[in-house]
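One structure follows; several queries about it will come next.
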Amino acid sequence: MDARRISVVLAMVVMYIAVPLLLGSNLYVMSLLVASIAIGGVALAWALLGNLGGMVSFGHAAFFGVGSYVSALLTMKLGVPVFAAMLLGGVGAAVASIAMLPTLRLKGPYFALAILAYAQIFRILATEWKSVTGGSGGLSSIPRLPEIAGFDFGSKIGNYLVIVSIVLIFALIYQRIRASHYGTALRAMHDSEDATRVVGVNSTLLKAMMLFVSAFMTGVIGAFNAHYINFLEPDYGFSGLWSTLPIVAAIFGGYRTILGPVIGAVFVYLVDQLVFKSFIPSGHQIMLGALLAGMVLFSPTGLLPWIVEKFKRSRNAPA
Amino acid sequence: MTELIFQAIYSGLLQGGSYALIALGLALVFGTMKVINLAHGELVLLAAYIAYAVESAFNVSPIVAIPVALVVVCISALLVYLLVDRIKKDRELNSLILTYGIGVMITNAILLIWKADIRSTKSAWLQDAVVLGPFYSMRSELGFFILSLVLMGLLWWWLSKSWYGRAVRAVASNRDAAKLMGINPRTTEIVSFVVAGILAAFAGVALYSYGVIQPPLGHALTVKAFIITVLAGVGSIPGVLAGALLLGVVEALTVTLLSSALQEIAGMGLFLLVLFVMPNGLFGTAARRG
Amino acid sequence: MLQLENVTVRFGGVTAVDNLTLSIGASEVTGLVGPNGAGKTTLFNAISGLVRPGAGRIVFNAVDVLNAPVYRRARLGLGRTFQVPQPLSRLTVRENLLVAQRFGTGSVNASRLDEILDFVGLTEKAGRDASSELALSELKALEVGKALATNPKLLLLDEVLAGLETTGKRRFMQMLKDMHAKFGVGILIIEHDIETISNLCKRVVVLNFGELIADGAPDEVFRDAEVIKSYTGAEHA
């Protein structure tokens, strides 16, 4: 077995066996882990859109919120099983992203601004469409994850295993897309879009696909979150935090890598919750803003890749 | 009903004056630097909160705060410029992320200093009614609308007549050619940020003088400014003014005829319509498409 | 194979291509000449779909492609190169051809890909980064290779020979001749050098100010007084 395989197996053992065994009884730590990995999933979806699709989104809160509402409402009003509803939540978010398709014709800053505007619309819709969403009062007692074959997915460890698996599957999907011919064409599209089009690449369709995939992933995570905390209101489900945190996490961990955003999310979320929030209870996002601005200025390709690079260089340097 | 509709149109037009100032600032910076300042709405909001702070600390009219707002907002705009200027790689995308981060910082700084409560002016004088024929407005609404028209007139004069103004226009239309003509793009970039700051300061004090403010508003203002530039198509002053007035009127009509909560959606609806039907904007032919 | 009927392209007040009617037959090599600003590249952009004509019809192999998007025209068999080479960035030379083949033809055929690499002389550079590690002549070869990989029926070559030194140019010319024979592809080539055109083409079309001013065999066309006037007039201006 090569080193790469060993590290993969080790990571799986840690994630699926060691963490639940060692930390499973500590409810506070487990809740921090679940929340941070969920944000890691959104960060991964954000980075997929940025890295493969070449689009910077400031509106992933829209997908997160739509996914959470669709799944919550399907389980509560139509009695759809939770896991099926979560998938449909992702589908709902992907459908919502269709509304954003006209913006794909816009370049760079215009796309970013348009998607920023869209995020607001969905929040207002959720607030105003009272008969369905319950309005600003929100939805409570959203069904938790079920018990299947004697294992309670709704327990802290169950929730943890579900979100870890979701994010792992997403990482695999991301990896497969990146390694495919579509991934190669997408890589070229950033700086030479006309050149890719004249060899037969339907660049708008490919970008739209990346938007769908990213929206779907974010929607599923939003849905998971709704069943995890069992409560939803528009200001929470569509909170700007679901846009900001993943961006900070992805930039921090390196948005051109697959797992960087996830690792970045765990780190940034823990620091935000344990450090920033204890100093500045309301308005702790000011630190996230500062962190984001600082990173873009000093290491736009990510802090984690930068640290790894430094580490490698110091090890390889002649003594 | 007809009276209500006419009144809504009138109020919307007055509101459009401040919107135009905000959108012009955004467009000006985009013109010279090809950077969208996502913190622009937050700069406007900062001016509004300075008006609130001055009013409540010294018990004076918010209008007195204009010089303070000018100084603080222009310095903040310069700081934003200095930071954006440090970005050398992938400037278009990285500057978006940077200014987004700065916007988050300003919003939360406002939240920390002035709390999340909704604020509005206590000045009775500003809120006094002015009746023009069948139309009613607050003194502050009409006053600031006229002031915004004057500012736009000055801006137009400056851009077309003064040397700096022409340099700004030259850089916006062709950076390399401007360089050959001996214009330093850096200077024009700084000037455009400062002018955007001046417009933002006036708009912010205006917003506080006739409306209500709260921390999340900055974000919404950036979005509105963007919608206006899409409506306008190109960065011409009359185009932006027309787009701003249109947005103001559509919002006011939505509030009157439907519900105040749908105000934001009205602007978005307009935006989508233009995007689908007239991708080059209502008043322009500039190519934005990829 | 390619019919243009009354094609007109305007940019603001400038008419870049003016009411142009032209027909290009299957597997012939046609030269497209004219002074700078005559609208040659704009015509290529209109044919490949990068600009939309204000009026006219463009029919390729009996398909009206006027409203077809760029990628569909490529899949129908319209290949093109750019005057300033546009390699697919962040990809290797081989990946450039791979993307062109996969998306231009719908499937991957590795042996044919190698054949094209060899034909354009880039086998040794297959693993290099296309946008940073190639010399100009190699970039030009890559332009042709990319276009060939889409399996085109008609190839629009935009000044592929410009900027090459004499031996490179001679090799490239030979390659273009072989290409016509080997891949059975029709060629429409923009080129300034009259000698090259005469050597390569049996037919030449002359554009000036967006209008077609001459069409025929090279030796006839280049004797035409109007052509000489437009050409030399512009060259010396």
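Going in written order, the chains are labelled A, B and C, and every chain counts its residues from 1.
Convention: contacts are C-beta pairs under 8 Å (C-beta built on N, C-alpha and C of every residue); 3 or more make two chains touch, one makes a residue touch a chain.
It should be emphasised that the depicted structure is a prediction, and the values quoted were computed from it without experimental measurement.
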Chain contact graph, described as a line, ring, star, complete graph or other shape: line
Centroid-based (C-alpha) most distant chain relative to chain C: B
Distance between the centres, which are taken as Cα means, of chain C and chain A, whole angstrom: 44
Centre distance in Å when chain A and chain B are each reduced to the mean of their C-alpha atoms: 32
Intercentroid distance (Cα basis), chain C paired with chain B, Å: 48
Contacts with two or more other chains, residues of chain A listed in rising order: none
Junction residues of chain C, two or more chains touched: none
Residues of chain A defined as touching chain B within the complex: 56, 58, 102-103, 105-110, 112-114, 116-118, 120-121, 124-125, 127-128, 193, 240, 244, 247, 251, 280, 282-286, 288-293, 296-297, 300
Of all residues in chain A, those that touch chain C in their complex: 181, 184-185, 187-188, 190-192, 194-204
Chain A-touching residues of chain B, taken from the complex the two chains share: 30, 35-36, 38, 83, 86-87, 89-90, 92-94, 96-98, 100-109, 111-112, 116, 216, 219-220, 222-223, 226-227, 230, 259, 261-262, 264-265, 268, 271-272, 275-276, 279, 288-290
Sites on chain C touched by chain A in the complex: 48-50, 69-72, 74-75, 79-80, 82, 86-91, 95-96, 98-100, 102-105, 108, 131, 146-147, 149-150
